[in-house]
């Protein structure tokens, strides 16, 4: 065996003699290293604190301004019959029911478009393409696509619908198309990651049982990755549910409730927030009763913003719940 | 035993067709991504076509109407918008980059586990806060609150051209917008960087510590080099978001169409996205074409930025 | 009921890389054949060609033939999916399907192939397979618990049960005990001894004691250098291999100088 | 130049879980001491307490004392960073810094301690450490190539060079050969033999032949059951351990019934 | 319907475009779904009108999208809406284009429906918070908005306000950053009354880069509120508790009021040069000297067809415009949006045009 390696003694021959004291750290250097470590620790903690200020401020402002008008009436009425700062016959000041319905429908529409496509695209990338040229191109373009500005997505959906269906076609579905363009890359990326971490053993185990590739993918791979895919999709939804500009262009604004995704304008929560902000204040004539609230539009705006955040929160909760239900039962 | 045998031996549905169909669908969905991107480009190009193929006189009329007579050519219009877009987003990235890295490291390497989990959750949640809300907050809360700070900077650092005073009051300026955008992209960069830092190989971190490195030295030796390309791509994602942000800019910035670096003064720059949102409602058909043309430019810019960024990170990884 | 396997002039490639060269081996039915050899010599690679699992790796392909009871597995008209139904495989790390219960895991081979099976038939099959894998007594009260809740050794036996439930003629095992503790290892070794009555068994192991304990025949694979193709160096019945090998490399290897 | 280590009544915890119980061991200077035992018995855990690497895992802590030449490492006023400078460590899987060249990898530890090193001093040190790690001849022409471009065995020796370059008194090695091929393993084993002239060496190995080949003393750790704390079962010089152990468990273990 | 606030029992809201609902065919009351879109300035008034109109026509569902005048006209010209709201009169080519939307080769017409004074709002410590006004003539306002006057205690201002103690604060001009009818109406006042101080072309875009721009009336008002020394212009209804400038009319200074706006319009003539039938376009007489008149006014129009392809829409539009221009309708708007009621002279012209809408 000795011939496998050089004679150890030989290798040390000619080795320089080292005065290790030269490399010993000086006392001051040790102190300065410690100081630097401490400073960096403080800086990093500070970065955290500094970032907390605006973030907490955003949440707090929304919460404080939002709770004032957030009540059942606000959630169960739309904006028809709301005149100036006056209360409506129901005792409220208008609400967001139509916007909640619009947001949910449009978001649902974009889910229906982008989740199957995105998921199958991820399946293609992970299970079939094996890093070929086409797959690399697709991966790159998916990355690039995740940088598409939302307003461009809006312009695209608007252009597409006006070119195909003729001018003036504003409906919720056009909004869904715009949003699905924004969702798609997130769905592909997160599903891809999730499929990738499904252990190869499971696929092999399934193939070894004489199971076809399609059944292996649908029944083993996708099923195992399901919790992760669900959370990825929730993330993608959260990413688009707050979009305003593309929806202003494609879905428009309407005061009443429209439940038909394919026909007519549809208000969504972010658009509602923006519209109420645009009104800023309502007029209360000199002879108005005390029930007339001139600041009501801004109050509605904040309340709707809070509703929007709550919806995102609830979605997150649902996502976690679903992920838990379908979770792989015990740790490996 | 025979019954098991029966069960096991029963002919299986071959599933060969299903296999082929499934594969074809997956393939089609992969191709669809390419088709969609091409469609975005083509539809925008088609709608922007009057700019190129239409009546040039009407075009320059429309554009000089948009610019208040300052320019009558498309590039004279897009130029300053592009400049503003890049300026605002680059600033936002600059501000949020270091802070994000700090928070990401705090979560991945400094905070106790429970706190880190809670923080991770909060960061993910913040990434989902709609931009109108940041717009509301920025326009109504931050703008008045931040003026004394900008004024202070303008007073003491005004000799730096970037901070030339007087600071606009109220501060509907590029600087303020950059801060808001920085806050918006902070959670995105943080959450991606955190994920990457958490994946930094324990082995190398332990190797560094075993050599007698302090915690910070360990991070410099084993965590940051590992996370570099990931952090770059996270930043690019953040930059992309900032480039395309509409509502927050629209609701906060006092726009202008100049090539100016005066961050603390109002009416200097405008971004493409916010400009589209501002002009779109009142634009006539030709105006819409012009705006879609600017949108196309924005699309190409984000495309190029992302493309280049991916290429860079790809090379680093390889 | 096991079937014999004859491998003739088999060259195995990963893309352009020839991983294993010119293997000729005859595997007896209802016996245990062990593959041993240093890391990277191609034990796993050869094993995986015996049920066409090799080709699921992109670019991987073979030249030569593998005859299962005289029928070449690599004939054009042979569907690899059906080959894999006839030749079962157990892997190095236990890999029960994490989303399935113990019962579902055992039935996976049947269910995933979309075969209809009545509940009572299924119950019978589960019991039969788990008894065959020596696991029935340990899990009969918790068949609906998740499969990955079991200990490593139990999981490995569950995987064996899953493999035998589709009723293969041959059972291939790639280092089935290397991730297991000593006690589980013994349980699996006992099981192998028992299963050979029904199946032809081929097992890869890096543990020579194990090969000596359980195998009837032993194949020693070797490679000249890293990057060179592996090859079958020496094939003999186990007693000869460990006590009186007629091959110098094999002798050096089994004498345990490396490990 | 090696230093002696005395471990007294050491209990090692991960959070509330007592992983290793009441270890008492005396490690001789300038000798090789091997830790052996079944998986999970706490070999790595004990090893990592010897240079306070244990505590970098959140919640991990120890009770008891570890004396390095009589000085307790766990005294309040001892800085773990300086302990780790005096006690080097090599890990199971080679872990060179991927962004650094071979040269920079060797110098990594020294650069932390002393920022201003003249180029010639650095050159000398690199040569000395790489010669010490038996790697000089193989890499002297490509010192500026990245460290991860080397083969596994070379990488492991590079890590050893990196560890010795800061001139520790003690060198801890956690299964340094388990990811290596036989030839690299031999190279590393030779190196260990040679290094013990300068260092006190503690090595964890799961390979008893290896322990027998290279260690002067061997410590056998064991655990009663999974989830129970591990403990030091038997400590003896290597010859006794492998030929005539005075402990039944140790005998069963070294006789190679499992492995 | 789910959540509609009106007491009306209109069910199954499906917010479609022009009515295709044929369950009722009698001419009164109106029922069905009707859409309008356009000027955001009218939004508050339209909300009130919709509520008022539904009082007598509970089955009419009317939606208004305040997407902007330009977008409103564009949408109207595609036929997707029954009427449009616009802060400016139709352009000639829009009138031509409307042939494709209106039936029987007729062209669209516009009538004034909403008159609102534009307030010159400011925020100045010691003045606006004390509820005081500042007097200015057209040239002074023009110079301020052109960046020629930069201090609140500038002589030009001080001379007109001998009673006020003006601080040495810098003036921050706040103007609209988006294309806006408010802007056009505001600067047309300068063009007429202070042509020497205002050299820019008339446009809906703000022409210079003085001060700060803000999106929408709300943007201007909130910006003005945020800092001391700011001055801007906004629809009177949005002025809130900001200070307002009293504008020189004749020899006196008029404070802003709805009445003052009505007086100006009453004193204005119609633009007879416009192309097309039935059009009522006001040429605002900024030079009016009528006592109490307030000359900075926005006149906002509704645009409709004399004939529609669909009778139900025609019936609706006729009835809707009649209500909007009625004194009842104008009163409602004034209550809800602080607008100025149409003077009788204009209301009569409107009525004549509305009468021209064919419902059979």
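Per-chain residue numbering starts at 1, and chain names A, B, C, D and E are given in the order in which the chains are listed.
Following the convention adopted for this analysis, contacts are C-beta pairs under 8 Å (C-beta built on N, C-alpha and C of every residue); 3 or more make two chains touch, one makes a residue touch a chain.
Computed from a prediction, not measured in an experiment: that's the story for all the values here.
Trainee: For the interfaces B-E and B-D, which has the higher count of C-beta pairs in contact?
Mentor: Contact tally favours B-E.
Trainee: Just to be sure I understand: the centre of a chain is the mean of its C-alpha atoms, right? Then which chain's centre is nearest the mean of all of them?
Mentor: A
Trainee: Just grab the chain with the largest centre-to-centre distance to subunit C, centres being mean Cα coordinates.
Mentor: Chain centre farthest from subunit C's centre: E.
Trainee: Would you kindly tell me how far, in whole Å, the mean C-alpha position of subunit D lies from that of subunit A?
Mentor: For subunit A versus subunit D, the centre distance works out to 46 Å.
Trainee: Would you kindly tell me how far, in whole Å, the mean C-alpha position of subunit E lies from that of subunit D?
Mentor: Centre separation, subunit D to subunit E: 83 Å.
Trainee: Centroid of subunit A to centroid of subunit C, CA atoms only: how many Å?
Mentor: Those two chain centres are 45 Å apart.
Trainee: Nearest whole angstrom, what separates the Cα centre of subunit A from the Cα centre of subunit E?
Mentor: It comes to 40 Å between the two C-alpha centres.
Trainee: Would you please write down the residue numbers of subunit C that are in contact with two or more other chains?
Mentor: 81, 85, 109, 113-114, 166, 257
Trainee: At least two partner chains per residue is the criterion; list those residues in subunit B.
Mentor: In subunit B, the residues touching two or more other chains are 12, 14-16, 214, 217, 250-251, 280.
Trainee: Which residues does subunit A have that touch at least 2 chains other than itself?
Mentor: 1, 33-34, 210, 212, 215, 248, 277
Trainee: What residues on subunit B touch subunit D, complex-wise?
Mentor: Listed in rising order, the residues of subunit B that touch subunit D are 112-113, 201, 203-204, 206-214, 217, 221-222, 225-226.
Trainee: Can you list the subunit B residues touching subunit A in their complex?
Mentor: Listed in rising order, the residues are 12, 14-16, 18-19, 21-23, 25-30, 32-34, 36-37, 39-40, 43-44, 46-47, 98-103, 105-106, 110, 119, 122, 124-137, 141-142, 179, 183, 186-187, 190, 214-217, 219, 233, 236-237, 240-241, 243-247, 250-251, 273, 276-277, 280, 291-292, 295-296, 298-299, 302-303, 305-307, 310.
Trainee: Note which residues of subunit A are touching subunit B in the complex, please.
Mentor: Going by the criterion above, the answer is residues 33-34, 36-37, 40-41, 43-48, 50-51, 54-55, 57-59, 61-62, 116-121, 123-125, 127-129, 134-135, 137-138, 140-153, 155-156, 159-160, 162-163, 181, 184, 188, 210, 212-215, 217-218, 235, 238-239, 241-245, 248-249, 270, 273-274, 277, 301-302, 305, 308-309, 312-313, 316.
Trainee: Along subunit C, where are the residues that touch subunit A in the complex?
Mentor: Subunit C residues touching subunit A: 51, 53, 56, 58, 81-86, 88-89, 91, 93, 95, 97-99, 108-109, 112-114, 146, 148-149, 159, 162-163, 166, 257.
Trainee: Which stretch or stretches of subunit B touch subunit E in the complex?
Mentor: 65-69, 139-140, 143-144, 147, 166, 168-170, 172, 250-251, 254-258, 266-267, 278-285, 287
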